[in-house]
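Next up: some structures, all given as structure tokens.
After this come two complexes, each holding subunit A, first together with subunit B and then together with subunit C.
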Partner chain A sequence: MEWDWSYTGDIIPDLLRGLRYTVIATLLGYLIAVVLGLVWALLRRTPNVVVRQVVRWVTEFIRCTPLIPQLFFAFYVLPTWGLTFGKLTVGVLMLGIHYSTYMAEVYRAGIADVPRGQWEAAKALNLPRTRVWLDVVLPQAVRKVIPTLGNYLIAMFKDSPLLLAIGVPELLTSARSVGARTFEYLEPMTMVGVLFIVVSVISSILLRRLERHYATN
Partner chain B sequence: MSEVLDGYEQWLKGAWLTLQLTVYGSGVALVLALVFGLAGTSRHAWIRVLNRVYVEFFRGTATLVLLFWFFYALPLVGIRLNSTMFAAVLALGLNIGAYGAEVVRGSIKAVPRAQYEATIALNFTPLQRMRRVLLPQGFALMLPPFGNLLIELMKGTAIVSLVGLTDLTTVSKNLQSSTGETVASFSLVLVIYFVIAQILQLFVRFAEARVDRMLGRRPSREPELGTLAAGAPGAGVAS
Partner chain C sequence: MPPTDTTPEKDAAPLRGSAPGIRFEKVIKRFGSNTVLRELDFTVAPGERVTLIGPSGSGKTTILRLLMTLEKPDGGLIFVGDDPLWHMDRGGKRVPANQKHLHEMRKRIGMVFQQFNLFPNMNVLRNLTEGPMRVLGVPRDEAVERAKGLLDLVGLADKIDAHPSQLSGGQQQRVAIARALAMEPQVLLLDEVTSALDPELVVGVQDLLRDIARQSDLTLLCVTHEMTFAKDISDRVLMFDQGQIVEEGPPERMFGEPSEQRTRDFLQAVLAT
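This part shows the complex of A and B:
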């Protein structure tokens, strides 16, 4: 079979519409993951043993199970509990929650990496707990983990096609429906692959720059 | 719930397929990771380029996109992969192998330089150097990130449910639609995946303990920034 350039040109608008959903889902999901991940990490430092262990096992559970059955769970089970969301909302939420459990580990490592002396100094100065966290620990921890957190943006972008499982019209879904309409899968599927590589490679170059900017040593 | 459990034969079949995909996929990934990872430590620039091209390409593509491409596009250019199973193993192996190659390269580089210099002083051949000194020590560094990648690969196998293979995810979907027990079937499938992941983790811990004993080291259980995901889920090593 020959590669058909004019067909490729025709399907580009469809694919770009799909790419828009992909980008929206990734960015919104990332926002949820960054915030929720920090919440998990902080909850794992609370003095309450029950909270710590519950958070630990819940995040472990979410991290160790695949996203697709999680999406099914959210998409089919939540409505039976009276919570009805759109496909994109469910997809964004689950993508965000799934990745927040990875982020929690990153924040945790970042917090553990803050030198002991900083904690001791904060204690010696008799700072209240909120100020210890907000003004001493977190600024140092977050700065250290920014490059790693950035890598997860790319990872999430690459996991966003999984939203196809619940029918979010993202890039891969639109390629498949274009293919199903014309019985020509070669061009749409290849273009999706190319788009993914282009976006990933560009963003990893940008990230490496960011990493150099934030490099502390 | 009981209706869902009555389908236990289907669950077993699904779990078996998921396990098969995990084992074959990790086999392919391990070989690719070693070959391309060691290529990345080569003295010759053109061999290192091979490593870069492989890693950047397959780390940049999503596994599902790769699988769909194998599934829908490759047959149109005349290449037919014998079975969907083979395509899935190949897609998973190529993708995780790229992360693994970075782990291998980083671990070999992280072996203290004095070790490398000692092998030169002792007039080791490059093969001896790799086999006797660098790989055994690098291997201890590789194991924890490899463990993460193994879990990632196991989770990645769920994508085959989107190209019509009957793995655990497909079974849960089928039972959900045949019995109407939505909560039960999707909860159960998540629990099964979790159990499989925990068992895999036990294996990795066991292997880590063995390797550390072999090298006379004491394992540390605290997470470190360097060993956490420097690239994507589960990849990366202190470098």
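This part shows the complex of A and C:
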């Protein structure tokens, strides 16, 4: 099997189209995960025991089951209940929801890490509950977990090919259909790896920069 | 209360003696099976400066934390001024305090902690304006002015934009004192505020507190092992052991000729360190 450079050049546009879906799905999913994760973490600290326990078990369940059956569930089962979404929407939502349960744990640890003295000083100043969270606890908690949250971006990126299972035309899907057309899989699959590495490395560099920015400020 | 020139006219500093007093009535506090306060009774007069001394674990911090509502009593009553701290009247009956009552009562009380507990995510100015703006509804300009006045008082006017991590322990503690004063409390609680400081920084903070004690009408409850300092600022010293008052009196007598053996032993031990 010989590496064919001109064939490689020909398939690049197809692959880049796939990569665009991969990146979009990852970024949108990440946005959902970052926000929803914080919501879970906060709900797990509400005074209401029922809310706390429900959130705890639901997130635990999502976190401890694989993403693929969750994707299939949303894609095949929800429509039978009258809830129909496009492939990409389902993919983005489920990727985001799945990872939000991991992020929730990250936020939870960050919040737990804020020293007791901070809560007590806030109480001694008589700050109302929302101000304690918004001005004192969350800024400290979030800052501490930014590196971990950043690593999840890359983790999600690497998991995004799972969206292939429901037919989102992401990178791996494009590579496979190119291969199926030409019966040449070496170049497309290799290029999938190369593109993943390139994007991952670039994101890591950007993330590390962001981290440094927050570490010094 | 900051010196009168930084206080807005509308609530100019009242004369010493108009700050609320404190009364503990049969207060009980347990941590699990450990009963720390056993029906503790004591009174602090309005505007009085009282120092609590006693061996580690005798319950001094617990008393201040109960007053700051950081701990909840298991029995008895705590009065700040005429009102019970942890209870309120409803239809002539005394019921447990709700959040609103606690919020109102806390406005009278300020606390300075051993570990400063400044907010590390805010600069010095914001540490001092956060409470007045968010709790008292003071407009930003006025809060900033008040903060500047207090920073002058504590000698840190040039650190207004610094972050707590850029300050020495002594400077952090002075900012923490200013932060407590910015809320214009009537009762100030000081829990070993110099014991986490390097020895050379202790004097600065003590001098500041002496000034504040002289210039204000605050009711002051202070835990300290520094006897000279205690002598300077307090009207009365209470010696605690195992959650009970062993002995009390004016500082000269308490430190000069204590009548109880336990007090003598304690003072001896403190002097030895």
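Methods note: the second predicted complex is superposed on the first by the 215 of 217 C-alpha atoms of A that agree within 3 Å, B and C clash if a C-alpha of one lies under 4 Å from a C-alpha of the other, contacts with A are read in each partner's own complex, and residues count from 1 in each chain.
We adopt the following convention: a residue touches a chain if its C-beta (ideal position, glycine included) is under 8 Å from a C-beta of that chain, and two chains touch if they have at least 3 such contacts.
All values reported here derive from a predicted model rather than from experimental measurement.
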Looking at the overlay, what does A:140 touch: subunit B (first), subunit C (second), both, or neither?
second
More residues of subunit A in touch with subunit C or with subunit B?
B
Does subunit B (first) or subunit C (second) touch A:128, or do both, or does neither?
second
Touched partner set for A:120, first subunit B, second subunit C, both or neither:
second
Is A:96 touching anything from subunit B or subunit C once the two structures are fitted on A? First, second, both or neither.
neither
Contacts for A:112 in the overlay, against subunit B (first) and subunit C (second): which applies, first, second, both or neither?
first
Tell me which partner A:65 touches in the superposition: subunit B (first), subunit C (second), both or neither.
first
Scan A:76 for contacts with subunit B and subunit C and give back first, second, both or neither.
first
Note: overlapping subunit A surface for subunit B and subunit C spans none
Which residues of subunit A touch subunit C once you look at their complex with the stated criterion?
115, 117-118, 120-128, 131, 135-136, 139-140, 143
The residues of subunit A that touch subunit B in their complex are 1, 61, 64-70, 72-73, 76-77, 80, 102, 105-106, 108-110, 112-113, 144-145, 147-148, 151-152, 154-155, 158-162, 164-165, 172, 175-176, 179, 184-186, 189-190, 192-193, 196-197, 200-201, 204
Using the touch definition up top, name the residues of subunit C that touch subunit A in the complex.
68-70, 103, 106-107, 109-111, 113, 115, 117-122, 130-131, 134-135, 179-180, 183
In their complex, what parts of subunit B are in touch with subunit A?
56-57, 59-66, 68-69, 72-73, 76-78, 151, 154-159, 161-162, 168-169, 172-173, 176, 182-183, 186-187, 189-190, 193-194, 197-198, 222-225, 228-233
